[in-house]
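Think of it as A, B and C in the order they're written, each chain with its own count starting at 1.
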Amino acid sequence: MFGYFLERFRALVLSVLLIACFALPAFAGPFEDAVAKFANDEFSDTAEAIEAVASSGNPLAFPIISALQEERLSADPESKKVFITQADGKIIDAATGAVVDKLPDNAASVRLNNRLRRTVEAALGSLTLLSPDPAKRVAAAQSVFKSHDENALPVVEGALAKETDKAAKQAFTEARAAIILFKSDASDNDKLDAVAVIKARGDQEALALLTSAGSDQPPLVAQAITGAISSIQSNLAMWSAVQNAWYGLSLGSVLLLAAIGLAITFGVMGVINMAHGEMVMIGAYTTFVVQEVIRTRYPGLFDYSLLIAVPLAFLVAGGIGVAIERSIIRFLYGRPLETLLATWGLSLVLQQAVRTMFGPTNREVGNPSWMSGAFELGQITITYNRLWILCFTLAVFVILLAMLGYTALGLEMRAVTQNRRMAASMGIATSRVDALTFGLGSGIAGIAGVALSQIDNVSPNLGQSYIIDSFMVVVFGGVGNLWGTLVGAFTLGIANKFLEPVAGAVLGKIAILVLIILFIQKRPRGLFALKGRAVEA
Amino acid sequence: MSAHILTRSLDRAATAFILIVAAVGILVPLSNLLLPQGSFLQVPTYLVALWGKYVCYAILALSIDLIWGYCGILSLGHGAFFALGGYAMGMYLMRQIGSRGVYGNPILPDFMVFLNWDKLPWYWYGFDMFPFAALMVLVVPGLLAFCFGWLAFRSRVTGVYLSIITQAMTYALLLAFFRNDFGFGGNNGLTDFKDILGFNVQADGTRAALFALSCLALIIGFLICRAIVTSKLGKVLIAVRDAESRTRFLGYRVESYKLFVFTLSACMAGVAGALYVPQVGIINPSEFAPGNSIEAVIWVAVGGRGTLVGAALGAVVVNYAKTFFTSGPLAPYWLFMLGALFILVTLLLPKGIVGTFNSWWEPWRAQRVAAVESAAREDGISEPNSAEQAQ
Amino acid sequence: MITQLTHDIARLSRRGWLAAAAGLVLGLASSPFSPAKAADDTIKVGVLHSLSGTMAISETTLKDTILFLIDEQNKKGGVLGKKLEAVVVDPASNWPLFAEKARELITKDKVAVVFGCWTSVSRKSVLPVFKELNNILFYPVQYEGEESERNVFYTGAAPNQQAIPAVDYLMKDEKVKRWVLAGTDYVYPRTTNKILEAYLKSKGVKQEDIMINYTPFGHSDWQTIVADIKKFGSAGKKTAVVSTINGDANVPFYKELGNQGIKATDIPVVAFSVGEEELAGIDTKPLVGHLAAWNYFESIKTPANEKFIKDWQAYTKNPKRVTNDPMEAYYIGFNMWVKAVEKVKSTDPDKVIDALPGIEAPNLTGGVSKMLPNHHITKPVFIGEIKGNGQFDVVWKTPGLVAGDAWSKELEGSRDLIGDWVGKKCGNWNTKTNKCGGQGS
C-alpha cells in the first residue's frame, strides 16, 4: 500500500523536479541548507533539519522524512550530501532529487533517537493527513491526536470537511478535539464539545489526554474534564475484569498446551514422564531449525514457517518419544516411580545434548506477520499470537479427543489403558499401542513447543519451566481425563490472572500452589476423577 | 528393651556400615588435624568439607528411604525439610555474626540493613540462642510435615498425587523464600557466617568437629531408622507400602503410621540441613528447587531403595560422581554421565547397588555355606568360622 | 546384647575389615584429588562458570572469553615467561557447588587467580572461601554494589556506573516524569530500585509517579504487567520503564511489549541486563528505540574493539558471535591482572592484591580504565538504543570515566562507607566515625 503510494508520489515528484532542475541553476536555498544538516550527525541538528524540511512544502520533504524513519536516509559527513535509498534500490540526492550511481564510501545512515522518532512521526503525521489511503489518514490523525499540535489545526479541519471515510472522519474529529482542548484561545463551548468527543472515545489514550489537559483550564471545562475522567475510569475498570478474563484464558491455553501431552503419557498411560518438558523444547528447536532453513533458502515462505514446523515438530518429538518408549520405558511398566527417575535422567541428557548442539544461549524464533501485533476489542488489547495460540490449543484438544474417541488407534489405546491383559487377549498388540501412545503424547508436546516458541525463550531450559505447571494441571484436573485437563488448565489460568493484580505475580503463584495442595485434600483424585475399581489398583 | 531393639536390628551389613562411618568420622578429622600437610594420608581440609557435605546428603537420603523404601511414600519435596532445617541453622549463624557484618549493625543481618529494614522481624527472635535454634531445626520441618501429612494422609492422598503435591509444596516454598519481603535474604540467602558456638566456622578444627558430628548424626539416624524398620511398627509400614487398603481393613490406622514416619523423616532431613549449612557456608532458596528433591530420591534409587545402607551409599556415590565429573576435561559432558547413570541404574540395577549386590551375594553365600557344611560333615570336623558365618 | 555387638566387631576386625575400610576410605577420599603435580612451567588460572543448569545461558560465553584471552596472552608469550593454563570447572548453577569448586580450584589445582561468577549469590557463596584461602577473584558482571572485599576485584558496573546515568539521561533528554521500576525479585533489582527510588525522590519525583513491580525468576506471562505499564503510562506524563528484569525473563517481556504495541517513542524501556547476547534471541524490529545502559557496546567503533571482535570471532570460528559488556569487563580485568603480575614479578596473591589498585588497562571503547582502591574500576557509561539488527546505537555517553562506588550514596546504611584497600586496608571504612567495620559501634 505504502509502496504503491510512494511510487505514484515519486513519479509526480520526479517530473516536477526534472522541470525544476532545468529551469533553475542549482543553488543552496534554505531547503538545501536544512537537508545538509542531516549530515552533521548531531541529534539536535537532525531535529532542526526535520522541522525545516517538513515545513518547507518541498515535494521531497515526504520522501526524505519517510526514508529517515525507515533508516534509508544516509549522509556523507564530508561533502554534507544526503541521499535517499529508495525501496527499489535506486539512490537519489535528497537535496535535488537527482539520481546518483552509488553511495559515497563514507556515507552512513542518519541516526535517530526516540525524541527524533517522535518528531519524525509527528512530521509524517501532518504530511500524510491528506494521503489518498484512508488507513494512512487514520494513522496520521491518531498521531495528531497524540501530539495535539496547534499548527495542524487548519489541515485537520480542511481534511475533516472533505473526508468521506467513516473511520477517518471519526479520527479527524477526535484529533481536532484534542487540538482544541489544548488551544489556549478556544472558547469554552468548543472545549466542552471537545471534551465530549474525547470522552466518547473512552480509552487509555483519551484518559491520558484528558489528564494532561486538566491543569489550567477554565473552571467549567475543568469540571467537565473531571467528570469525563471519572466516567472513563469506571468504564475502564469494568473492562479490566474482561481483560483479566482474557489473560486468564490465554494463560490457561498455554498451560493446557503444555499439559495436554502429559495428560496422555501420564494421565492415560500412567508414565510419569519428567522428560516431557524436553519434548516441548525439542518442538521449539524444530521451529528454530525450520525458520533458519527458510531464512537462508526460501525467505518468501517465512509466514508459513509455523505451518511447516507443526507437522515436523510432531514427527520429530513423536519419533524421539517412540524411541524412548522402546528403549527405556517399556522395561519399566508397572514401576511408575522408577520411570520418574529414568526420565529425569533422560531430561538431563536431552537438555545437555541440545546445549551442545545449539549452544546454551537463546535462539531467535520470529513471529510470522500474522502472529505479530494486536487489535483492540472494546477497551482491551488482544495480541494475535495469544489469540492464535488459544485457537490452536483448542484445535489440538478437539483433534485429540476425536482421535481417542473415534479412531481404531484411539479405541485400542483406551482398551489397553483400561485393562491391558484383556486387551491383549482380544488380539491388540499392546506393546505397539504403548509405543504409539507415548509417541502421540510426545508429539503433542512437540507441537506445543512450536506454539510456545512464539511467546517464550527458545533455550535448553525451556522445558523445565513448564514441567511443574503441567503436572499441577493434570493432577488438578484429574488423571486420565482429557476434559479434566482442559478445565484444570483454564481454571488455574484464570485464577492466576485474577489473583495477580491483587497479590502480585509471586504471591499469586504461591497462592495457586497452596490452593492446589488444599484442593487435592478435598478431592484426592482431582477435579474429574475416574470412577470404578480400576482406580484402586 | 531399647538395647534389645538395637541389637535385633543389627545384622552384619548394618554393623559394618556403622563401623565404617564411625571409622571415617574419627579417622578423617584426625588425619586432617594431626598428620602433616601434604603427607600421603593427610586429608586436606577442603575434602573434609566436601565429605561432610556428602554425609549430610546421606542423612537426607536415609530419611527419604525411610518413607519411600519402607512406607511407599514418595516425597518429591523432601528438599524443603532439608532446607528449612538449614535455614534455622543459618539464622542462628547469621545472628552470631553480630556487629562483624559489613554495616556493623549488632542486631540486623546485612541484607536487612541495606534494604532499610529498621527492626528484626518477629520470626528472627530467639535465633541468637543455640538451644532454641537447635530446637527449631527439628520443630520447623517436623511441624510442616505434620500439618502437611495430617491433611494429606487423612484424606488418603496417595501415590503420584502425593508426590506431585509435595513437589507443589517445595515449589511454593521456593518462590516464597525467593521473595525479599519474606525476610530471609531472598535469592542471596544466608551466608558469610563467622562463628558457631564460639568457634570459627572456617577453622580446621571446627570443620573436623562438624564432620565428626555429621558422621555421628548419620549413625544415630541410621540406628533410629534401623530400629523402626525392624520393629513391629516397621512391619506395619511395610504392609502399608505393599497393600495399603488391606492394612487398613486389618484395623490399622494407616494414616497415623504414615504421619508418624513422615514427620520423623522430615525432622531427620532438617538435621541434615542444619549440619550441611555451616559446612558449605551458604543456604539459599535454590535448595528448595524441586530438582534437588528429585535428585535426592535418585540417590536412594541408585543405592538401593528399601536398604538403609544403600540410601546412604547412593548419596555418597552420586555426589562423588558429580564432584568428579564437574571438573576437568569432562566438565561439559557431566550431565550426560549423570543422566546416563540414572537411566542405566533404573534399567539394569532396579534394586540399586546394594539391592543388586544382595541378590547376587545371598544365593552365592548360601551355596558356599551349604558346600562348606557338607564338606565339614564329610570330614567329620567342625569348622567354627564357617559355622558362625552361617548364622 | 552388647556382647553380640563386640562379638561382631571382633569378628570383623579379625578379618582386618576395619583397617581395610579405613584405608579404602582415606584412599578414596584423597586419590582423585591427590595434589596435582607441581607444574612449574605454567601459571594456572581458574575459570568458575556454570556450563550447565539455568545460568549456563549467560556464563558459557564468559568461560569462552577467558579461554580466548588466555590463548591470546599465550600467543604473546604468556606471563613472566610462563604459559597460562586454564582450569575449567562446572559449578552447574548450584550455589553451594560454587563454593566447593572454588575451594577445589584453590586447594587442589593451586590456581593463581580465579575468573568467575555471574549471579550475586554465587559471588556471596564463594566469598568466604576466597577470604579463607586468600586468593583472587575477578568478577565481571554489573551488580548491586554494597561490597568491597580484599580478595575480589569488581570489573563490572556498580549502580552509579549504570543505573544512575541512565535515569539522568531519561530525565534530561526524554523529559521523563513518571517511572516504572520493573525487576525480577532478587537482590540486584531490589537494591538498584531502592537506590533509584531514593535518587528520583531527591530529584523531586513524587511517590505516586513511581511504580515498582517485582516478578519471579523466569516469569513468562507478562500480559498483566505490560497492561499495567500501559495504564500507568497513560496518566498524561511522559513515562519510562527502568528494567532490571533478569536475563531469561526478558525475551517474553519484550515479545509482549512489541505485540501490545508499546513503542519506544511512547514508553521507552531502559534495561540493565539486556545486552547483545540477550538480543540474539529476539527479533528486535519491534523493539527499536528501547534502551540499554552499559559500559560497552559491540557497535562502538574503536580500533581496539574492532580487533577484539575480529579475534573473538576467529577464535570461536563463528562470524556471527556477538560480544557484550561482561566480556569487556573480563578483557579489562584480565589485562589488569597480567600487568599487576608483571609489575611484582610474582603470582603470589598478597603481592598481586596490593599491586592491583592503581593499575591501568585500556578498555575497548577508547579509554583507559583504572583499578581503584575500593577494587572497582573506572568506566565510561553509554546509553544505547536497540537497532533492528540486534545491535545498539550509542545515543549518549558520559563525558569522562565514572569511578565505581562500592557503597551507594543513596542508601541510608551505606552513605558514610567507603572501601579503601590501599590506605585504610578496609572495605567498609566509616568516614563519620573514622573506624573500620560499618556503622561502627
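We adopt the following convention: a contact is a pair of C-beta atoms (placed from the backbone, for glycine too) under 8 Å apart; a residue touches a chain by one contact, two chains touch by 3 or more.
Note that this is a predicted model, so its numbers are computed, not measured.
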Chain located farthest away, centre of chain A as origin (C-alpha) = B
Message = Based on mean C-alpha positions, which chain is nearest the centroid of every protein C-alpha shown?
response = C
Remark   = When A-B and B-C are ranked by contacting C-beta pairs, first comes B-C
Note = Distance between the CA centroids of chain B and chain C (whole Å) is 34
Separation of mean Cα positions, chain B and chain A [Å, integer] = 47
Message = Touching at least two other chains at once: which residues of chain B meet that condition?
response = 175, 178-179, 332, 335
Request  = Provide the list of chain A residues touching at least two other chains, using ranges where the numbers run on.
outcome  = 351-352, 464, 506, 509
Remark   = Multi-chain contacts in chain C, i.e. residues touching at least two other chains, fall at 51-52, 185, 214, 216
Task = Spell out the residues on chain C that touch chain B in their complex, using ranges where they run on.
result = 1-2, 4-5, 8-9, 11-12, 17-18, 21-22, 25-26, 29-30, 32-33, 35, 51-52, 87-92, 94-97, 99-101, 103-104, 107-108, 119-121, 124-125, 127-129, 132, 146-147, 185-187, 190-191, 194, 214, 216-217, 411-414, 417, 427-428, 430, 437-441
Task = Enumerate the contact residues on chain A facing chain C in the complex.
result = 43, 71, 111-115, 117-118, 121, 204-205, 207-214, 236, 243-244, 247, 250-251, 254, 351-352, 355, 359-364, 366-367, 372-374, 381, 383-386, 454-461, 464-465, 496-497, 500-501, 504-506, 509
Key: chain C-facing residues of chain B, complex   = 3-4, 6-7, 10, 12, 15-16, 19-20, 23-24, 27-28, 31, 38, 40-47, 49-51, 53, 99-106, 111, 113-116, 175, 178-180, 186-189, 191-193, 202, 280-282, 284, 286, 322-324, 326-328, 331-332, 334-335, 388
Key: List of chain A residues in touch with chain B within their complex   = 266, 272, 274, 328, 331-332, 335-342, 344-349, 351-353, 356, 464, 468, 471-472, 475, 479, 506-507, 509-510, 513-514, 516-518, 520-522, 524-526, 536
Note = Seen from chain C, its contact residues with chain A in the complex are 51-52, 54, 56-57, 60-61, 173-174, 185, 213-216, 218-221, 223-225, 227-228, 230-231, 233-237, 248, 251-252, 255-256, 258-261, 264-265, 268, 277-278, 280-283, 286, 289, 291, 385, 388, 393, 395
